[in-house]
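Pasting in a structure now, in structure tokens, and then I'll have a few things to ask.
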Amino acid sequence: MGMHAYLQGLSNLETLNRAPGFFKYQEHTVAAHSFKVAEIAQMLGDIEEIHGAQVDWQRLYEKALNHDYTERFIGDIKTPVKYATPELRHQLAEVEARMTQNFIKNEVPEFLQDRYARRLAEGKDETLEGQILSIADKVDLLYESFGEIEKGNPQSVFLDIFRESLTTILLFRERPSVQYFLKEVLPELLQEEFADRDRLLRATRELLPADL
Amino acid sequence: MGMHAYLQGLSNLETLNRAPGFFKYQEHTVAAHSFKVAEIAQMLGDIEEIHGAQVDWQRLYEKALNHDYTERFIGDIKTPVKYATPELRHQLAEVEARMTQNFIKNEVPEFLQDRYARRLAEGKDETLEGQILSIADKVDLLYESFGEIEKGNPQSVFLDIFRESLTTILLFRERPSVQYFLKEVLPELLQEEFADRDRLLRATRELLPADL
Amino acid sequence: MGMHAYLQGLSNLETLNRAPGFFKYQEHTVAAHSFKVAEIAQMLGDIEEIHGAQVDWQRLYEKALNHDYTERFIGDIKTPVKYATPELRHQLAEVEARMTQNFIKNEVPEFLQDRYARRLAEGKDETLEGQILSIADKVDLLYESFGEIEKGNPQSVFLDIFRESLTTILLFRERPSVQYFLKEVLPELLQEEFADRDRLLRATRELLPADL
Amino acid sequence: MGMHAYLQGLSNLETLNRAPGFFKYQEHTVAAHSFKVAEIAQMLGDIEEIHGAQVDWQRLYEKALNHDYTERFIGDIKTPVKYATPELRHQLAEVEARMTQNFIKNEVPEFLQDRYARRLAEGKDETLEGQILSIADKVDLLYESFGEIEKGNPQSVFLDIFRESLTTILLFRERPSVQYFLKEVLPELLQEEFADRDRLLRATRELLPADL
Amino acid sequence: MGMHAYLQGLSNLETLNRAPGFFKYQEHTVAAHSFKVAEIAQMLGDIEEIHGAQVDWQRLYEKALNHDYTERFIGDIKTPVKYATPELRHQLAEVEARMTQNFIKNEVPEFLQDRYARRLAEGKDETLEGQILSIADKVDLLYESFGEIEKGNPQSVFLDIFRESLTTILLFRERPSVQYFLKEVLPELLQEEFADRDRLLRATRELLPADL
Amino acid sequence: MGMHAYLQGLSNLETLNRAPGFFKYQEHTVAAHSFKVAEIAQMLGDIEEIHGAQVDWQRLYEKALNHDYTERFIGDIKTPVKYATPELRHQLAEVEARMTQNFIKNEVPEFLQDRYARRLAEGKDETLEGQILSIADKVDLLYESFGEIEKGNPQSVFLDIFRESLTTILLFRERPSVQYFLKEVLPELLQEEFADRDRLLRATRELLPADL
């Protein structure tokens, strides 16, 4: 058994849309999202390193690149936000974890199983690299929702997502990379011309700490 | 609380693809599949009635039309065939059933809750109408896989699906509607011109009982 | 001759778009529209029955499900509203009716021809079920135009369609199901957040009778 | 009244597909088809002129470019081949012609009405330019069906269309441009590598006159 | 060597999008754009001729129809506006011109090479027909950007393109066809109902000469 | 100036198709390709490391992830294989390199310019990581062409690409990762069921060295 099943699975991720039927202007595949998160993590890692942190780049790229590979097994569950209780969501996560185990046992050759068990496990841990993944995942979601808002999509759900993404990013506000994002990147984003700019500016201001 | 959430949910089913990324020539939405299953059930019901069975038409249409509405809540789980154990699949079904309960409680007015609990429950029971639903669901899947085979898709998975659909249909071979399907409809389907006809004919012959 | 041609025709309805090139955010196929109309008719039938009417459920589902099957033969004629006189539109309807006759004669086995002549005939008659079909067809069109308005489509044609759909629904305002739609469903729809809500509210108010 | 309605109508032709749901590999819009027919007519006109014919180029381009503009009004009627009698087809053509008249009267300023009446009328007359249009229209259809055959579409209907297109082209076999097409272009097309080449070669051979 | 490669290349232009990923509501292929430019040039030619100009119709149609055929060779270079210097843009044009030469030498039979060298060369020269092509190309771009603005796309880049197109058209304001466009067509376009009409009216007014 | 322009550019790569109009069954975006190449490089790096090589993982991920970012500036030039001379292709590469320089100067803050100049430069150098990138880029192309062949696309161009990809991979046959690919992955790929397997097996056998 070689790695053919793993490699062929990559092309599944090219056809699997994130939140199917949700984005109106631009759909996003799991493959493209993974690429963007890795690119964003790379930039955040730059800032951390320049500010003196020790970045384990191998770990960082590995976490970012592989963090959604397991969506192959269970798909992107259709927004079960409203009708799923926390307990139901927990059950779903467990099912996914066990399918991943089955996949590794069946499709990855033994001498690589440890590496892929690590890569396909939850990457958002307490390490610096795990934190950068958490931030990068939300920066991409913030850009995805901004893409809809910028193009004139008036549904308030995209403003909600923008707000929630920013809220999660702010949990890490002590990190220099988040400081950089808030001070240098976000203002440029908000200076783009688009229809509902005032509403987005207001929503952003309400979330930002007073000193920003 | 009126039925707005239920009605608006119908348009979700227009954007939810069956087995996303699987069909190569023609994608099928859950809405279109539900329509086709109801049309097929209608024809099977005709044959049963003409052969003397008592068809409860209200129940039949209701079962066929609503049998996949709950895919809204959990989506069409990405072919977890290979890496899910029976236990994992059972867990997923349970999660779906409980999300459906939550939906009915939150979105359907009380005086209609009984009706929708019945409509959104599993319809494939032992009644005549439940059996027709089981058959119709597989006849549509057989046509969907045939659509790929007919247009030249060489992947053997479509032949597998054709075979499995036919196998399930044959479980009901005592039903006059299945007899009619096997004797009058299937031969017409097999007479269409397409590339890999011999392989499909062979696969079909192997499954059919000797007297057909 | 079995029913293969009829069944295979179902998949044509999956690829036939309603008003091609018209909807900007979400296209609707004839198959999906038929599904939604049957679901809406089911809900309207519930209300009528609960208010004491005798609903012939078989007839109701049958009418709703099959009411656009014949679009297979002539397609969804490209908005001939502006340049067709009533006489030209009448001629087109006649051509469609005669193609349907030819289809039944050529493709439906004799013992089923009566059933399908009934199902493929115009269903919007004076019976309760015919009225519910007329209402359900417009409720779906109202939701389809609302789908565009809600997502920010500023073209006034969608407001026109919303208005015309509501006008037709109001022709049946004595029916309890229409009362229910106006009092319980429409207000929920209008409470959704979307860009041009005031304009839609105004247009709706102008059409609704004073006591609603 | 200026020509805005006419110009805006051009973008309708960009969204109107020829035979919707028919081509599996590549869809063709009416706009793109009109472009290709004009390009093909240009090449056929070259050959005719080089062989001594007097080509009225203005007329030739005009006929080719505008020959399907009127599909805006009635759309591309869904293959009514099987269930329409000649009489029904005649009626449809008449409806289209009268909608075109209504359009010209309502949307084209008076001083241009003669020009557009000529351009939107049937162009396939007995003149050299009318003949070239007939040929070019079929050469494009032949290429469209070849596009499906070449890419492996096994449905025999594309071979039928290839054959019918060639049959119509052969009606004009005395024309030098058709001679050129048969001797210089068709053999190159048949030398492309594709799956079912033998079948296409055989079908072509059966149609070609013995001396070709 | 016949003209098969040229004809088959036409279908490339059906799949080649103008400015891929740029238009949000309606994509435009090079084939459809060429069709529309030829239709617009035809109308502009009408006006010029009626005002007494001598129109070489063969040259006019030929220029309009073929003006983007060479995009086959180099594609529609991804908006290199921002990061390309004039010198880089000049280099790209030269590469394209030389690929076109190579194509004519390799794929067009010798007796037609002069004709196609003329047709595939830059058509926007100082002749009346060259000027009409320049105008028609921008009228189509103006309509393409208007298509986005009209449907509610709030990105200011479409207003910029509208403005730049109009600016180029105004360079030819002495031409009767441009006078006609400004006085009869543009006001009709601006009377369409759409969201951001005031902004578009303002932008238009600022560009138009005082006497219009 | 922050990194907003860089991050927003990522979403351009989601809409930029590789070789537009070329793949018939599955299109591939530049973003998805970059993701897959990074995943493949990760697996090849595993094998190299296990066989004792010193892998600079940061450099490897960085090269793989960013190797096509610059396609944003010039797009994926439309197969200029046939009509471009080597000199023309060289000129195009130079134009792209200089646009990249302009981009870095204008859009990347000074303290990051060195990092991005390195990341956006040509990555396929003589280092181990550069070699792995060259291999991974071709493994993905091999899988992309196999995707078409497997699904029945009969056009010989996909076999040509499969062959050319394999030929390039074989240039690195001394590398343990290539050995592993040839001995463990490729045989699994060739064991998949698909139509033209014999032809692919033959083509592969002709390329493989005798001892494999």
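As written, the chains take the letters A, B, C, D, E and F, and residue 1 is the first residue of each chain.
Convention: a residue touches a chain if its C-beta (ideal position, glycine included) is under 8 Å from a C-beta of that chain, and two chains touch if they have at least 3 such contacts.
Note that this is a predicted model, so its numbers are computed, not measured.
Asker: If you walk from chain to touching chain, how few steps can bring you from chain B to chain E?
Answerer: The distance in steps between these two chains is 2.
Asker: Using just the Cα atoms, superpose chain B onto chain F and tell me the rotation angle to the nearest 5°.
Answerer: The two chains, chain B and chain F, differ by a rotation of 120 degrees.
Asker: Which chain has its C-alpha centre farthest away from the C-alpha centre of chain A?
Answerer: D
Asker: Have a look at D-E versus D-F and report the one with more C-beta pairs in contact.
Answerer: Result: the pair with more contacts is D-E.
Asker: Which integer distance in Å separates the CA centroid of chain B from that of chain D?
Answerer: That gives a centre separation of 41 Å.
Asker: Per the centroid of Cα atoms for each chain, what is the distance between chain B and chain C, given in Å?
Answerer: 24
Asker: Taking each chain's centre as the mean position of its Cα atoms, how many Å separate chain C from chain F?
Answerer: Averaging C-alpha atoms per chain gives centres 50 Å apart.
Asker: Multi-chain contacts in chain B: which residues touch at least two other chains?
Answerer: 15, 152
Asker: Dump the list of chain pairs that touch, please.
Answerer: All touching pairs, sorted by chain label, are A-B, A-C, A-E, A-F, B-C, B-D, B-F, C-D, C-E, D-E, D-F, E-F.
Asker: What residues on chain B touch chain F, complex-wise?
Answerer: Touching chain F from chain B are residues 24, 152-156.
Asker: Considering only the defined contacts, which chain E positions touch chain D in the complex?
Answerer: 1-8, 10-11, 13-15, 26, 28-29, 31-32, 34-36, 38-40, 42-43, 46, 50, 57-58, 61-62, 65-66, 109, 111-112, 115, 139, 143, 147, 180, 183-185, 187-189
Asker: Could you list, by residue number, the parts of chain E that touch chain F in their complex?
Answerer: So the residues of chain E touching chain F come out as 12, 15-17, 20-21, 71-78, 80, 82-85, 88, 91-92, 94-95, 98-100, 102-103, 106.
Asker: Chain A touches which residues of chain C in the complex?
Answerer: Those in contact with chain A are residues 25, 150-152, 193-195.
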